[in-house]
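Once you scroll down, you'll see the structures, which are given as structure tokens.
Both complexes shown next keep chain A, but they swap its partner, so chain B is in the first and chain C is in the second.
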Partner chain A sequence: MRSVEPWVVAPLEGFLGESSARLVLIMTSAGQVIAQHGFTRALDVMSAAALGAGIMASAQELARVITWPAFTTVVHQGTRQGHFLARFETPRGVMIGLVVFGSETSLGLVQLFFNQLVLDLKHAAPAEKQPPQVLPADFEKELNASLRTLFGR
Partner chain B sequence: MSLVNFTTREITCKIVYYGPGRSGKTSNLQYVYGRVPESRRGRMVSLATQTDRTLFFDFLPIDLGVISGFATRFQLYTVPGQVYYNATRQLVLQGADGVVFVADSQARRFEENLESLQNLQVNLLQQGIDVRQFPVVLQYNKQDLPRDLILTQTELDDALNFRALRSFTADALHGAGVFETLKGISEIVLKRLAAGGNLK
Partner chain C sequence: MSNHQKALEALTAIHGVRGAMIATGDDGIVVAEAVMEDVDGGALAALASSLSHRLEAAAAAAGGGRPGFLHLQATAGALLVCPAGPGLLLVVIAERGVNVGRARLEMARVAEIIT
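Entry: the complex of A and B
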């Protein structure tokens, strides 16, 4: 498991142990990855997060257009695996969870333990804090070198 | 909002390519996708119509490498340019760290550029973002077209660039200016990060 925010780790470990989910992704509503389990490439995680956030954003917008209460959960049940996508609030803002599960568990169990995960995350989330300095002012030289390498120039 | 992982020393930033329909936003991403080694990029996700017009967004994650000890990744998005897709543009703009405004240099597309630029300002404002404080660069695309069809960089700057933003000429289809534009927005976004703002 990998996590950007340390407070997400314990609740997510608990969820993984109980639900037997294969892949889990916690992201912001803008598609930024907060934590993930089961993905092998960091860049694929980003694609999954962008699509998950896009699905939830469009589902929410669709609900608004047809004047229904906001859809907070989207489920796709396939023959060999399913996915469960849900939007939830935390003290650190709106987040989205994507869970991919197989025949070793069920949608009901995933949903049950996901609800517990949301409660645990709400309790674990610290208040917003002032971020420390990230990059030194003279980072441009390294940025330029990285971009030149990236584009083969 | 940029995500910074201090434990694993990783930075992730979201860049959105904005502009009127058919101005070349997707072409920018396709060129980047074609030039960047496979090990340094993810799959390009394109949610497009059957005629290859962007329906929701294009998405390309790229790995910039290590900058000041941080593994730095950029998520490049495009928005659909057509006027009637505004709700989609608002969704994709959420959490953006910077915008590349891709203008079509053809004189006959001038009004659409202006309309799209105004639309960008309105959509940012709706998210509580003051465009004057937000990283934006302009790209004047299709500069390879015959001179009598297009406006020059000076003319486009006079007409669109009233905030004196960094602007770049480009021919995204063949790659001219794509790298320079990405470099320009990367510098501004990371400078903002270095100044301590815009962190989640």
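Entry: the complex of A and C
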């Protein structure tokens, strides 16, 4: 498991231990990766983050159009694995969790322990701070630093 | 009131039963529930389903076939689980002094109705 935010590590480790999830991605609502577990390629994690954020944005917009309260959870249940995608709020802003799980666990368990993860992240999150402005010249450096942290290389 | 809900009411009428629910066996999701306010239905469904799965695997490994009834006795109460039709579980939580025999008979009847 790798994280660019140290306060995410302990809650996420607890979740991984309890839920038996195969892959986990914690990201901002814009698709910026905060932490990941199980992904081995940078390309996969960036694609999954972008798609996850896109799915949640579409679900939010759908809820707005039909004047329903915002959807918070989307589940794709396949024959060999399931995808659980949920939006939640923390003192550091809105975040999205993507969990890929197989037959060694169940949607109920993933949901149960994900709710606990959200509570733990809310407690662990430091108060919101203004992110430093990333200048175009620094963008690539920032991106590479985040990828190094997430993939250890 | 749905048929599932009516069936569960018959179980919660038994003295000592604190809650009854129908959950999906594979996913551990609540289908219908009649549980006391202090009981987390979602957690109960998820954990009972997981326990049932593991015991099923253990029973299969031991050559015992599929379990027909699960009775977990704890110090403060009991968890009773039985299959209730394709892909569903009937879950009951009860206090320590519950008449397990009666609860079990009623669960068999309710499971048959659901099926």
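Basically, the second predicted complex is superposed on the first by the 128 of 153 C-alpha atoms of A that agree within 3 Å, B and C clash if a C-alpha of one lies under 4 Å from a C-alpha of the other, contacts with A are read in each partner's own complex, and residues count from 1 in each chain.
Please note the rule applied: a residue touches a chain if its C-beta (ideal position, glycine included) is under 8 Å from a C-beta of that chain, and two chains touch if they have at least 3 such contacts.
The model shown is predicted, which means the values in this text are computed figures rather than measured ones.
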Problem set entry | Contacts of A:80 with chain B and chain C, given as first, second, both or neither | neither
For this session: Would you check which partner chain A:111 touches, where first means chain B only, second means chain C only, and both and neither mean what they say?
Result: second
For this session: Report the partner of chain A that touches more of its residues: chain B or chain C.
Result: B
Exercise. A:149 contacts which: chain B (first), chain C (second), both, neither?
Worked result: first
For this session: Please work out whether A:46 is in contact with chain B alone, chain C alone, both, or neither, and reply first, second, both or neither.
Result: first
For this session: Show which residues of chain A both chain B and chain C reach, each in its own complex.
Result: none
For this session: Over in the complex, which chain A residues touch chain B? Could you list them?
Result: 2, 4, 6, 28-34, 41-44, 46-47, 50-51, 54, 57-58, 61, 131-137, 139-140, 142-144, 146-147, 149-153
Exercise. Where on chain A is chain C touching in the complex?
Worked result: 77, 105-109, 111-112
Problem set entry | Residues on chain C engaged by chain A in the complex (per definition of touch) | 23-24, 26-29, 42-43, 45-47, 49-50, 53
Problem set entry | Interface residues, chain B side, partner chain A - complex | 1, 3-8, 10-12, 14, 35-37, 40-43, 45, 47, 56-57, 59, 61-68, 70, 72-73, 75, 77, 87-88, 91-92, 94-96, 179, 182-183, 186-187, 190-191, 193-194, 196, 199-200
